[in-house]
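After this come two complexes, each holding subunit A, first together with subunit B and then together with subunit C.
After this line comes the complex of A and B, so read on.
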């Protein structure tokens, strides 16, 4: 049975993506029998090309995507290069999983209220410094250039890239390499860029591409913070999908296919950029410049990293504050009257989305965990070697833009007769939960000292007994953390819920996004706070339970 | 027909035997072809530098050989061919450099993990208690293994191995991480138990003192050059038989 798990996983995983892509591309050429499209035609593409502002939308998707990726990567690399081996590095490493779990919709909404003209930042300096007795008449969130949109993407992607970079550092001989560089007279950051980065970058290339794909095709963050005259391509496509005029579906399919092409184009541009940087970098590396102590560089990189992390944190605190506010007038830094009524009034309407969010999140995380453990155990038991290709497959749902395959995926679900059902919703979340669970569990699972298993085998324990009684207890902490990561990813999903839920299921995330368009800040605060609190609770349990169970087991008390 | 004309080995209560064994990795012969027979209560020492295939030999014996290796030949235990049995059915006890006590189980639970199935609860408790007494650690059942000293852990590790009632004992440099003062005491503890239980014992080591203390036959394998670890390697012995493979991310 174990032997079938990898195949089952890939089926559950790749069939919807592949079928989804086909189901998106065919209607873009007029083929969609359900809506009477039976003749091949280029009309949807003509209509798309003629859409006013389509060129601007595409350009906006590509520029914001490339900018967000380049900035996120720069922030992470600058931090790692200047803080390698420091205590600060260790601290951040411990915070990373909870940071990663913050839903990006919550961050985007919180950030919008942080930087809006009547938000916390302006309030903090008004009117005493700025003289603004009233909120200034500025468009900051969204702003016409997409800056706040890029900022929100950066805040979301930095923790992910940092996690992947730290993992990659662990697999290279970074410390020894750095020591050699330093002993040859290079400054710490210079030595890092010249000797460690070339080892690390190939290993984080896939995660970087995933970041690029997400940033170029994000829907939820774009709905909240991107410029909307015209919007980037992805939210525009979603608007067409949701259009009551069903003939728009063909246009939407063409748009979704174009979105796929846009992501590929962005990846090609990124690849070009990589080559240019590599060529220049090679010259720089062998040019002999040693760099200096780098104290200034370190200050700057730490500041930028702190701003990135704190703005995410402050965004959430701001929304939490709103949820308990009765009166909070500009420019008061805090509400003048507090209340619980925002919560009590919303209690009834909260219950159903809360239940959907939790039940789908738990189901998707548990199923994904079982599949991942099955694959890893199978690999170990039969001595299989993981390949690069397998890793690419794993990243597929993160590399292909969601709009490009979820539309077709919905066609597949309807054909199977399960569209708009709870299992379909779980399945759609599974596609995105699984890669993250895999990424977070693989290392701990593969690095568990294999001699424990061999000892147990030689003591006569069967492989399944070893799995349950040796591996699982020893890996309890990483397993629960992986479960929490998976749960957090599911809680954050917007587009899969919209498509697979068929409008029948709403979650805290979909509610938050639709409320963000203009509801009362205090109500939005309730949803955003609850949405961000769920993954946090999951992490508290994931870290607290093993600590409590193993309170008398010193070797399992993790220093980190 | 006289008894003299019979092969001597066949008359013994048979111990651990390797029959025309050869092991190779990517076409390079590491070991063999060799045959080796270890009688019950006998300790045979295999010596050789790191990377010479000592640990691979033990991995072959207990059935945990990495599939990358090609093995030819047989391993017999008490006259039974166990070459193709899964490790958990071979009843080969093994001790490693590290004690590898399970960190999530107490000392007593670690011992109980080794006990065979099907014993009554009372019997299990009694055996754990007697093993603890054997190690002079009567009051340690509930203790966290991480709080034990190196010598205490080494003794518990051996008793856990013996709790599973093995028919042979494999020792993979089990004394090399102990400090000099302890090493001799633990050696005597391990060898004494192996003798008393009449276990055929195969010890691999690169410490001549181990071989001397074992007192049995010594077999040298691998290149005689004493060049231990290649430069640039870490201090940890690269052991391809562990089959621990870093994910191949390119």
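After this line comes the complex of A and C, so read on.
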């Protein structure tokens, strides 16, 4: 049974992605029998090439994606290099974790309110400092260059990359390496870049590529903050997909295939960038320059990091404030009338999306956890060596743009007759939940002292008894944290819910996106607040439950 | 069954007649009653997925109220699928038809009118006719509100059931401006003297397209052409509209490079002080927004001297709906005096009723008489003439041309 779990996992995982891609590429060549497409044709691609502004859309996708990735990575590396081993490092790390679990959409909506000309920042300084009795006529969210869109991506990706970098640092002998570098007279940041980065970067390369793929093809954030005349490619594809003119399905398929190519192109450009940096960096590393103490650099990197974190938090606080506002006009820095009716009035309509969000999130996280534990246990019991290739396979759903395979995935689901059902929705979320659960659980599982297992074996316990009675209790905290991570990922899913839910299932996230298209800001505040609160509650439970269960087991409390 | 066959082949006049006869109780009412009680019985326990535009929170709250009443009265569960554009629902049904799914479709009820209705009716995507068989249809004012059976010049033939009356109005804040425009040409003058303080929602949002149609009505030399399908005359008839929009653009909010997504977004901009005018389809919108804390107490309404476009909005049932009976029960409840009065209350929504007051019982009529008008609502004699909607083909082509000119 256990032996089959890795195969089962990959089947559940890769078959839909592969089938989804096929189901996307075929219609792009005119093949979609349900809509009368039975003859091979290049027309969809011709139509795509002739679409007004398509070049700008593609360029926008690539430039915003590359910029968001490069900026996020730079912020994280600058911070890690200048603050390695300091107390500040630990503080910021703890601060940033809650941001990691907040859905992208929530941050995007909040950021839009923060920086719009009549938004919170301008309200805070007007008219006493700016003289603006009326908000200025400036396009800031969205702006024509996609800057606010990039900013929202950076605010969300910095926490992810920081945690991945910290995890990677734990696997290298960073402290020892740094000590040697410092003893040779290198400045702290210089020593970090010259000796630690080459060890760490290969380990965070996959997460970086996942960030790049996401930023190049994001739909939900783009709908809220990206320029829309014309929009980046991914929201444009979604628009075609939703077009009442069904012949646009072929165009949408061609666009989705192009989106895949765009991500590959962006990855190739990134790879080129890596090579250039590596070549220049090698010369610099061996050049012998020691660098300075880096006090100025540290100030800058900490400031930038603080700005990123603060804008994330302020975005959420702004929307949370709206949810309790009755009247909040420009230029009042805070609401002039407060109320609870936004919450009480929404109570009824919230129940249904809340139930879908929670039930799908829990189901997907629990299934993914079972599969991941099965794979890891199988690997340990049979002494298998994990390969890099397996890791790449696991990352597939994060590297292939969602819109490229979800389009075909929906065709597959309809063909199986399960489109718009609850299991289909769970399955679509599973694809994105599983990799994160795997990432979060692998290290604690693999580093659990194997002498416990050996002692138990010597005492005559069966492997399954060891799993349930030794490993699980000791790993309870990381297992629950992984569950919370998976739940948080599910809560944030937009496109999979739209495609697999077929309009019959709505979640807090899909609801927040449709509300962001205009409705009452006070109600959007309610949804954003809940979106951010749900994963937070999951984390509190994940950290609190083991602490409470093991309150009289000191060794277990520190086992992790 | 003969009744059904007669109605299917009948033109709208005959449909009205049948409706009237039913209403007056001349038709064999007992047969109709049993048919309806069967439907109500089947509806109990059904879940109705109502695909309805979800851009206005007060409307969403009203729909939630309808859901709670339908649950209490008939045991029907209502799920509001909030759409950004009704075309999404048309697309779902069309895609299901293409995939051969003629039963158990994902949409049970659609909030619809105009070009979406015509498109679904033309492609046989609708269940019906059902509207006249709803017991509460007898209250509908088909005589003085002819748009309840003729939607954008297209006869409804019972394939959609009316639930509200709309009329284009404009909202402004008297604390900021005192000289709102009185004509479409006046908007250009206003924009010139108040740079970047006016805009309109981007089509295909219905408020945006209605503003364009309103402008077309006033600017075109041949408004009568709008009542027939658009043909080769499209360029000639619409040329003045594009000249107007080109001139307007330089003085618009964000220099016409970006537009609000829909009516409520623009109302939010009015409240935020980013623009001076917002556009709405509900004469009581400003009052309702004041009551709900969405506009300042100084907000007021204005209309144009030569009248503004009005229409009726409906609900329709897709041919493959899973819960047809439940959907009909909801459609019938929407026509009840209780639901209509609740809807017309400016503290709730402020959408005008489709019912004829003289057909209601005295206590029901009193419910309407007791409704507050709201401080910012124009009295009926100042609301101006109501212009008929152009044929849907105009809307479709104007949307397309607009997107080509300003949307890319």
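Structure notes:
Here is the rule we use: the second predicted complex is superposed on the first by the 552 of 560 C-alpha atoms of A that agree within 3 Å, B and C clash if a C-alpha of one lies under 4 Å from a C-alpha of the other, contacts with A are read in each partner's own complex, and residues count from 1 in each chain.
Here is the rule we go by: contacts are C-beta pairs under 8 Å (C-beta built on N, C-alpha and C of every residue); 3 or more make two chains touch, one makes a residue touch a chain.
From a predicted model like this one, the values you see are computed outputs, not experimental measurements.
When both complexes are overlaid on chain A, the residue A:306 reaches neither subunit B nor subunit C.
Once the two complexes are overlaid on the shared chain, A:464 sits clear of subunit B and of subunit C alike.
Contact with subunit B, but none with subunit C, is seen for A:447 once the two complexes are overlaid on the shared chain. After overlaying the two complexes on the shared chain, residue contacts for A:175 are found with neither subunit B nor subunit C. Look at A:135: by the touch rule set out above, it reaches subunit C but stays clear of subunit B. By the touch criterion defined above, A:38 lies against neither subunit B nor subunit C after alignment on the C-alpha atoms of chain A.
Residue contacts after overlaying the shared chain place A:289 against neither subunit B nor subunit C. Of the two partner chains, subunit C is the only one touched by A:326; subunit B is not.
Subunit A residues in contact with subunit B (one complex) as well as with subunit C (other complex) do not exist. Looking at the complex, you find that subunit C touches subunit A at residues 49, 51, 54-58, 60-61, 64, 67-68, 79-85, 87-92, 94-95, 98-100, 106-107, 116, 119, 196, 253-255, 257-258, 260-265, 268-269, 271-274, 293-294, 296, 404, 407-408. On the side of subunit A, the complex with subunit B involves touching residues 168, 171, 202-203, 206, 382-383, 385-388, 391, 442-443, 446-447, 449-452, 454-463, 469-470, 473-474, 476, 550, 552-556. By the touch criterion stated above, subunit B contacts subunit A in their complex at residues 59, 62-64, 66-68, 86-94, 96, 98, 100, 102-105, 113-114, 116-117, 144-147, 160-161, 163-164, 166, 170, 242-250.
Within the complex formed with subunit C, the subunit A residues making contact are 34-36, 52-53, 117-118, 134-135, 137, 139, 142, 144, 228-230, 242-244, 246, 249, 326-327, 329-331, 337, 339, 345, 348-349, 352, 414, 420, 502-504, 506, 511, 514-515, 517-523.
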